[in-house]
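Letters are used for the chains, namely A, B, C and D, taken in the order the chains are written, and counting of residues starts over at 1 for each.
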């Protein structure tokens, strides 16, 4: 009988990272995909990712509201708790053979805990990486709860194993987000009108010539700083004078600070040729990035997909702390001058060669095959 | 200003393990103890530990109900979630400088997550040990969330460090439970009437001569087996013919199975000279154990305190899986014959020499001193 | 298209009261029955009603754990809250056209609130009755949230209308529990062995001659008294000397006190010819009651079904406060002597004539028909 | 000993309605005020009312996050549930003698339920009024849970009594919001600069001459319509050409629609002399309203305070449905033309005479005195 694999999608970046695997699971004859869409993925305010998922042809088995309003440290904790309460009911009624959790968000942890206590084996995608902030604690805690580890590269695999995980359960599959980047490399034309398709607010402009893309999230352990940080970026980017596609932040402690900073800037400076989007289908977003002059902000896309796509990036602040990175990234502090200067350098550098730092574009099918064949057990023990 | 240290007490064994540290924190001039009593510690059905804590002279700052009825896998998960929801509110209103979490229970994890997301440093007592079951996942996940590690012995310290924790934040303090055992070693007389003081059900008997103590908990990953397991123990113990002090299980997935097994046995066999207790103050319990011929079951007291007290123990099943143990322990399977046989052997062995496997009895003051002096930060990063 | 009718079953008595309607809804061509089984109905400790429901041929669409351990006032409140959180997710995924809530329990209120806020019309079964305790507040609060009222008799209808409900939405259907009583009247033979079928603990005895049935629940506003109350009943009943079928209490604040009282009595008095059951299928229970000499306790069965069955009853205390009652009931205080005396009187009175105080046995089909035909709207307004 | 009175403040309008009573309770020698600030009152996004409360000189005993993100029907239900879970813990630790709940919001219901199940008497302020939408269900359900009723006028008192409440527990005190209006009548000068003190976004303008005030909330039972409704108002108001002080909506299912409508209008129309505020201290707000030409929208301030202040109002849509109103109100549908036309008529009408429809300005002290003297009991029974 097909193994019932439950994937919990909770946010835009998680969806991008798992989408290629979802397709592969759906097509795999020995697997039965069950999809739970929860947290910010169901919220209007974050662009109702759920509709993107539906349009992508996936059937959604359950939706769950689990985010407490407040976007601060207290509500992150409480949302984690509420997520566990809710997902336990979902798993109890669904009875999956394997639960898949992605990366390092609070919903990731909620998913892993609900499944672990219910003796359901947990597969973790994107363990073993290093970053700053609370994500760091959460990612490795999830590793300790997970039974199967699908990691992006050998460095990550090594770290997961050193943490005491059974090497026979750690698989270097690459990250499924790179599968989407490979599709884009093969067909890179920006063949849609971003304003038409995604609405958003702000000036519309000619996107057939040079432009920037910006995506900056608040850093949870630096909550009160979020507003100051985004303001530096806004000023630094404006100085360049190129048109900009700007993405609102994820739901996270502090995103109110980030959003407030953006709103205040728009109010006061009335910036021209800046357009603000809530959300975009992952492939569309990657095409937009591929055809840009530079990706600015603190998204992991700078480090991961852009390495593969050969797009230059300016990475701001601590959020991507310890991640392996290629030559395409310039790291800068929260400082408008440094940001402008780094973008300037990247504009003269132009495109970089493709580097498979986080995968070769085959992660999805590899993960699906492993899910179908790996021994499933919720039991584990430290290897030392 | 004194550091505000919040300790969350949720169950009988956790209290025994932290009590000596509580006293030391309370007495320390640079520390301000805040006590949250939650989960089974507030429940009538598990003996209202909260009253024991009050009688021991501790002031309780907040009580929290957080356990879902059901005692199965789903409700363990949901209780963890609800615990996070509740503790986040408590921490938000209390604003502690450090939160202390104990061992490897679901409430341990809830405490660590609530504090972690709120950027409050977490101290973990009893990390780095190895056991079977879900506790194994939870204990190491808590290690990945904790900032200070107070471990029982050098083997545990080594494991915590190998998992990627900063060695300067890992302290071999011994387990505070051994501090209580040291008090008992110094004054071992069974100077109270267990029946008088603790009530309970079942025959009363003469406890001045030979008797056994039994404490057996359900193993969460073996839920449906709990009833069968306890029945084997009940038969095995009865065969010995000695009077028995028997302790009801903790709240845990499966304890209904264990309790049901005990109730059915009492109903059908009407066993003589078996008395059943819900709870006992930790020191009274250790005196009872010290003066017994053998501790039977799967409590970690067999492995930890009994090593120090030199009391023989028969440890049943997988629950204490990988823990370091001294010569005082005989391990057996869930089998009435093997259990009876092992008890018989221990009866002829008699008392063992004291071994400081899990501490030397000075853990409490050491932990308090470290809490007062260690650098406090919620930030951390894998060491490799 | 058939209307999707979602019934939430949460406890043994609620099931008895709705079962006849469930069958009628299931058979109705214009209705599509959706069943949520939640709260104590899924708990081992309360006899896993869920299995009875399955054996009765109903398909269960969702199970929900929502009861906090503690059985006190705080946890009743919290269970209500958690129930709303959970049921909102269930209703959101299920999208029923009508939600049915039964009587006056905290789950009743949770169901009504979740549906009300989601603009789903609410049908309330058993509104307009008068009793003591918190149930009184809850029942009428549910009336104010409900859109359709299926009440047991004209007095109840009048009260619901006087509270400002639209008379065209208030239907005197009788209580579906009387439908089951009618089946029993038609085929009253006690044609099963209660001990065989339902297990339980305590002496087995010859049930072909005279016996009593006892069912006593804690009264939530008299929490600390629960143990004293049950003890009076235990003594009063034992004095009679007849064999007894005794039922453990529902989950409710205080049921621990009731259960503890029963356990202590059994421990100390070792009563002969008293057998204790957790649960019974409603029809089996009614047959047992029909063939008994008297029903003792504070169950509403004394007032409702027994009036119809013509069985004598001794009703103890305040729990059935203001309910309409027939001549078959003698009311007494929590007093062993008064209880024994009243049972004695009922034994000499013998069987009573049947009175259709709470229905004529046709409620189920009537309710189903009304659900199929009544206008459905979540809107309402006070009539004055 | 002073009675411990716990007031739960959850939103801007509730604060305005209770503030005068808070002061009176605080000053009353026989009362001990305990303040819980929760729900949208603690959220940045809704203007952090909590800071206004602190500045007003009240000490806050507990803050509670309880609102689920989503602002739709599901999350309103879930927030109610979570509020009960949280408030039960707060009440359990605080042990108040009386809990006060205000008006008809979901938090009102959560507060009433938590207290009711814990046998704490509940005082309800503003029962017995008639409006449309889910508020109607909630307000009367709270009446059925409350033990003391402090109502605004005799019509409300009559309705509460007709619903079966004990007349000796129903008190016509007037609404404390009118106490604030009385203060404003006595000292009506707009003696602060709204832009300076409250920030906000949009054009600043000369507020010494004619201006409008707009406050429009989404109507929960008309959720999908919220955006269309606000758009009609925006166009209708703009047509008048006067400068406008506009207030963002409360947190409620649909407020995202309202907010989105406002944002889109600003984006596209770039309206001049419209300034948007999140929040204002109640007295400042009333001064602003007093000095305006007309209050437009669907706030109950139009009906209540404006009657007393003699300010003309245009009330849009169903939200204030059945409320008693004075001659100062013109009711219109969601239609830009009708809105503009009604504002025009009010501009020519000018100021109205003061009508004490909802109180005479002495409610606060009256309520405090009654709280100190009324018999407190959580028990109640329908009067018929």
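Everything that follows uses one rule, which is that a residue touches a chain if its C-beta (ideal position, glycine included) is under 8 Å from a C-beta of that chain, and two chains touch if they have at least 3 such contacts.
Since we're looking at a predicted model, the values are computed, not measured.
Across B-C and C-D, the chain pair carrying more C-beta contacts is C-D. Centroids built from CA atoms put subunit D at 51 Å from subunit B.
Computed from the mean C-alpha positions, the centre of subunit C lies at a distance of 40 Å from the centre of subunit D. For subunit B, the set of residues that touch two or more other chains comprises 65, 74-75, 78, 82, 85-86, 88-89, 92. If each chain is drawn as a node and touching chains are joined, the picture has every node linked to every other. Taken together, the subunit D residues at the contact with subunit A in this complex read 40, 42-45, 65-72, 74-75, 78, 82, 201, 251, 256, 263, 267. Residues 73-78, 80-89, 91-92, 106, 109-110, 113-114, 116-119, 130, 132-134, 136-138, 140-145, 159, 162-164, 220-221, 223, 253, 321-322, 378-382, 384 of subunit D touch subunit C in their complex.
For subunit A in complex with subunit C, the residues that touch the partner chain are 62-65, 82, 85-86, 88-89, 92-93.
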